[in-house]
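Every chain is named by a letter (A, B and C) in the order it is written, and numbering of its residues begins at 1.
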Amino acid sequence: MRDDLLGRAALTAEGLIGLSLLVVAAALALAAPLLLPGDPFDIVARPLLRPLSDPAHLLGTDRLGRDILAMIVHGARPSLITALSVAAVALGVGMTAGAVAGMLGGVADEVIMRLADAVQTVPSFVVALAVLSVLGPSLPGLIAALAVSAWTAPARVVRSEVLRLRGAPFVESSLLLGRGRIPVALTVVLPNAITVALALSAVIVAGALLSEAALSFLGLGDPNRPSWGALIAEGRQVMRTAPHVIIAPGMALFLTVLGVSLVGEGLAKALSKQTS
Amino acid sequence: MNRSARIVVLRLAGALPTLLIVALAAFALLEFAPGDAVDAYLAETGGDAGYAAELRRRLGLGGTAWERLAGFLLSLATLDLGRSVVFSRPVVSVIAERLPNTLLLMASTTLFAAGLGLLGGMLAGARPGSWRDRGLSVTALAFLAMPSFWLGLVLVVAFAVTWPLLPVAGLRGLTAPPGLAAAVLDTAWHLVLPTIALGAGYVALYLRTLRAGMLMAWQADHVRAAQARGVSDGAVLWRAVTRPALLPTVVIAGQNIGTLVGGSVVVETVFAIPGMGRLAYEAVTGRDTPLLLGVILSATVLVLAVNLLVDLLLARLDPRIGVADA
Amino acid sequence: MTMQRRTLLAGAGAVGAAALTRKARAQGAPMPRSGGILTVAADTEPRNLNPAMVASNGVFYVASKVIEPLAEMTTQGDGLAPRLATHWEGTPDGRSVTFTLREGVSWHDGRPFSSADVAFSAMRLWKPLQNLGRVVFKALESVDTPDARTAIFRFSEPTPFQMIRNAVPGLASVVPRHLYEVGDIAANPANTRLVGTGPFRFAEHRPGEVYRLEKNPSYWEAGRPYLDQIIFRVLPDRGAIAAALEANQIQLAAFSAVPLADMERLARVPGIAVIPQGYDGITYQLTVEINHRRKELADARVRRAIAHAIDRRFVVDTIFLGYAKPSTGPVPAFDRQFYTADVPSTPFDRRRAEALLDEAGLPRGANGMRFSLRLLPAPWFEQTRQFGDYLRQALRAVGIDAQIVNNDAPAHLRAVYTDHAFDLAIGSPVYRNDPAISTTILYESGLPAGVPFANQYGYASVDMDGLIRRAAGTIDTAERTALYQSFQKLAGTELPLIHVAEFTFITVARRSVMNVANNPRWATSHWADTWLSS
């Protein structure tokens, strides 16, 4: 069913463009070591070479003389992995929480939803910033910090789906068979709410890509991997004299996020056609 | 009005636990942080072991974490935010100095985003499926995909360095212009680039929300009926389609106030605006627990207040919204 | 022009600056003119602005115009120029130093300045409270004031007069006794609303915006200062500072407030001068700090190999864009008293580095790496971070896998100087014009954990400790100097930490600002002779 949905999403022009952008980004992320072997941080040329001035360094070099193209290509993988992990964690936690809250109601519902309220009330980026600068930058820390604020949207959506489905005959019958409410929530109701949550995943991935880049930009990324945000921060110092250092990685980030959003848009459209 | 009052009371009651959780979390965060306020200070000055011990004593960093927590909760209960370690002034005075800048940025961003977004949404939603609609929708997505800090830097390179039309940073010129009008104009001029950088994504949000609402409205029975009755196109578009679709955009405005505060951290950094976002950052790097708490609490109160306003507004606009939801 | 100046400086050190001043005079420099407001950029607002308590550049930048030290550094003569003291003399036994104070000096509130103020500042602030004074004035027993113009410092242990002299410009700022003698000194309101004897009076501080200083009309030096006001605009953003200079909204930005990458462009702007002089007295050193608790790094051959892997020329040219000099050891080359070039050197040589690592029994493994370590670049300067990026690649080239760990300031301080949770760190200690003040502390063993910018490296050498102890107790200037030259040699032999480059700051100013950078601590000195041409 999901393949079918993706197929229909890709049929729109927007979806097609989005998918091709994503395919390119994913291909670069996977093939980086083959395309541009070696350490992307190696100092390979004169500092601040202009783009296209040297065929060996198409996008030029940064202040230390590191190849910008290599850092961008090698930077794709950590960015995508982070964003996908955030989406996975957020969807997993959020959907479970939503299903449990919706199915159990009462105190459990109250506690979970109050927590969601609290999380949404606090400016999540500020929290991520505080947590990361205190605990030190690390991949698990980054994923956790971003997922903390991303789980509430799927939780709310799934909860309202569950509330809608709770009265449905197939759920009632499962409950009548004497199964507990939580198992029923997870095994019977959740799969039926999954399509709704899936459409949210694109939004979460896009948001995570942007937040990850912003945190790296503020110096809270992993300094041992190339990162688009960190590259932009590094280029900031020379942006008056060598703007190419910030423009190239920014474009990479922009096109990737655009790809994700277009695919998500296509997905949402296909979904709405399916339900109507 | 009775209903409004109940909304206020319910909201505030719901907010108290949130505030307490936030305060405790912020306290715990800086307690477990490597390095304390004295380490942050010694980084600037150096000094021997006795010097560090003396500074710790002065800042009340001695004692156990429980003692510090008790002191902290006590001052919180008396609504005393204490003194900032970094600025060695009352936290309230530091926040009072920074908050207006952030409010200004948020207000101008909301105005800009809502203005442009709703206009675009109306144009797109008036004829769903048209090329105009698709073009506007894709443009909106592109705006959403643009990282605000990068957009800010690119705008600076373009409009403040290459063609020096607008100021690079700050909210006020160095030489204060005489007169209130000139000062307002000066600040507005400084706000142009940061507002665009922060607002681009929200333009898209408003556009999409309005458009989606209008899309649903076109399919509603009463709209079809009105069209069949021969009510003029303009009247249908405005009264039956656009107006009801505006309601959810108010909800969106409320929901995104938190992310707006977060986004302003980055934009304040790029444009060197002395606001709350940067203050949070300074509080963390200075291990200034009272200040960080003050910042997070006031940001939270801000978000709650805006949400409350949105609720009241919605209650006014749409009588169907009951207290139960609040 | 800038290139020329820079080369001149690199070649001749502080002498270059003096030569330039003379050249300007020979060309018929215009007569100073009184009046005008000088607006300068400030990037920090120190919470305690009292230089008698906090000896740091951020404090001095503003406070040195209001509160004066006993003497200031100069490029001329014996290196010390009178301020509040006109004469100083130490006894041969190192037990006392006599300062003769200036006549006719009064505090900004009108009260007369006297030796009682000096005695109070020394005994109640410098010695017990000041970050650096606590070390330098450790043995200060009392300050006698036989008359209002004489202050005799008495030490319980022999204390080298040379060190006291070298410490005076930075550590001996005098505050008024009558405002400090009652109540808690640390909580005194005068710590933020300064009262001094200097050429400028503290007028106001609007947090987040400005510090405003006004001309002191009854300053002891007739006809000075020239400026009516100095306004420090708080501008934390470096990009904004460059733009404000170009628009002549500010006239001067010190302490490299403008990014190095912008210097070349700014130097070409008409009316703007890029001035790399005037900071020799506050030279910073880029260092690789080494944790000797790691067994690989306890081996001197490995440390030597790391030093050989670093291309100091590249660091100077690419990271500092030429505004630095390669370093040979713990004393910077500009210091004419102590510096010696006769030390073991470690030129850039990867083959030698690899040979040393092989010799140390650390062959390259299957992945091409010999061992891996944590590298903690200090967040103090953009260049300390950038050098971290460079050092990782330089180490990988000789088979050492360095993983960078970034921390904010307090976390870095805690990790390196208290928890010792690092293998290599990148630091930037300040050289304070006498190795005894803040340099030998990087080498002596036995310090408690938690003392920052000191030997927290687990390095302990009997030879080194003995040498440091002997030098500290030596009073005779020639003998003392010779001991500190041996210290530099031993530091080069044992290489407990690696000095990579020495750098100072750069001032960018409108050409209308005159008498800029005319002493080795200019940005942190009085500015009484600074003036604005129309």
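As a working rule, a contact is a pair of C-beta atoms (placed from the backbone, for glycine too) under 8 Å apart; a residue touches a chain by one contact, two chains touch by 3 or more.
This one's a predicted model, so the numbers in the text were calculated from it and none came from an experiment.
Among the remaining chains, A is positioned farthest from chain C, on the basis of C-alpha centroids. When the C-beta pairs in contact are tallied for B-C and for A-C, the bigger tally goes to B-C. One inter-chain figure worth recording: chain A and chain B are separated by 22 Å, centre to centre, where each centre is the mean of the chain's CA atoms. Inter-chain centre distance (chain B to chain C, centres taken as mean C-alpha positions): 41 Å. Centre-to-centre separation of chain A and chain C, using mean CA positions: 46 Å. Touching two or more other chains at once are residues 133-134, 136, 240 of chain A. Touching of two or more other chains is recorded for residues 33-34, 156, 284-285 of chain B. In chain C, the positions touching at least two other chains are 239, 407-408, 411.
Within the complex formed with chain A, the chain B residues making contact are 14-15, 17-18, 21-22, 26, 29-30, 32-34, 134, 137-138, 141-142, 144-150, 153-154, 156-157, 161, 255, 258-259, 261-263, 265-266, 269, 277, 280-281, 284-285, 292, 295-296, 299-300, 303-304, 307.
By the touch criterion stated above, chain B contacts chain C in their complex at residues 33-37, 39-52, 54, 58, 85-89, 94, 97-98, 156, 160, 167-170, 173-175, 271-272, 274, 284-287. Those residues of chain C whose C-beta lies close enough to touch chain B in the complex are 39, 45-48, 54-56, 58, 129, 131-132, 134-135, 186, 192, 207-208, 233, 235-237, 239-240, 243-244, 249-250, 380, 407-415, 418-419, 438, 447-448, 450-453. By the touch rule above, chain A contacts chain B in their complex via residues 13-14, 114, 117-118, 120-127, 129-131, 133-136, 206, 210, 213-214, 217-218, 229, 232, 236, 239-240, 243, 246-247, 250, 253-255, 257-258, 260-262, 265.
Chain contact summary for the complex, chain C toward chain A: residues 239, 242, 259, 261-262, 264-265, 318-319, 382, 386, 388-390, 392-393, 396, 403-408, 411.
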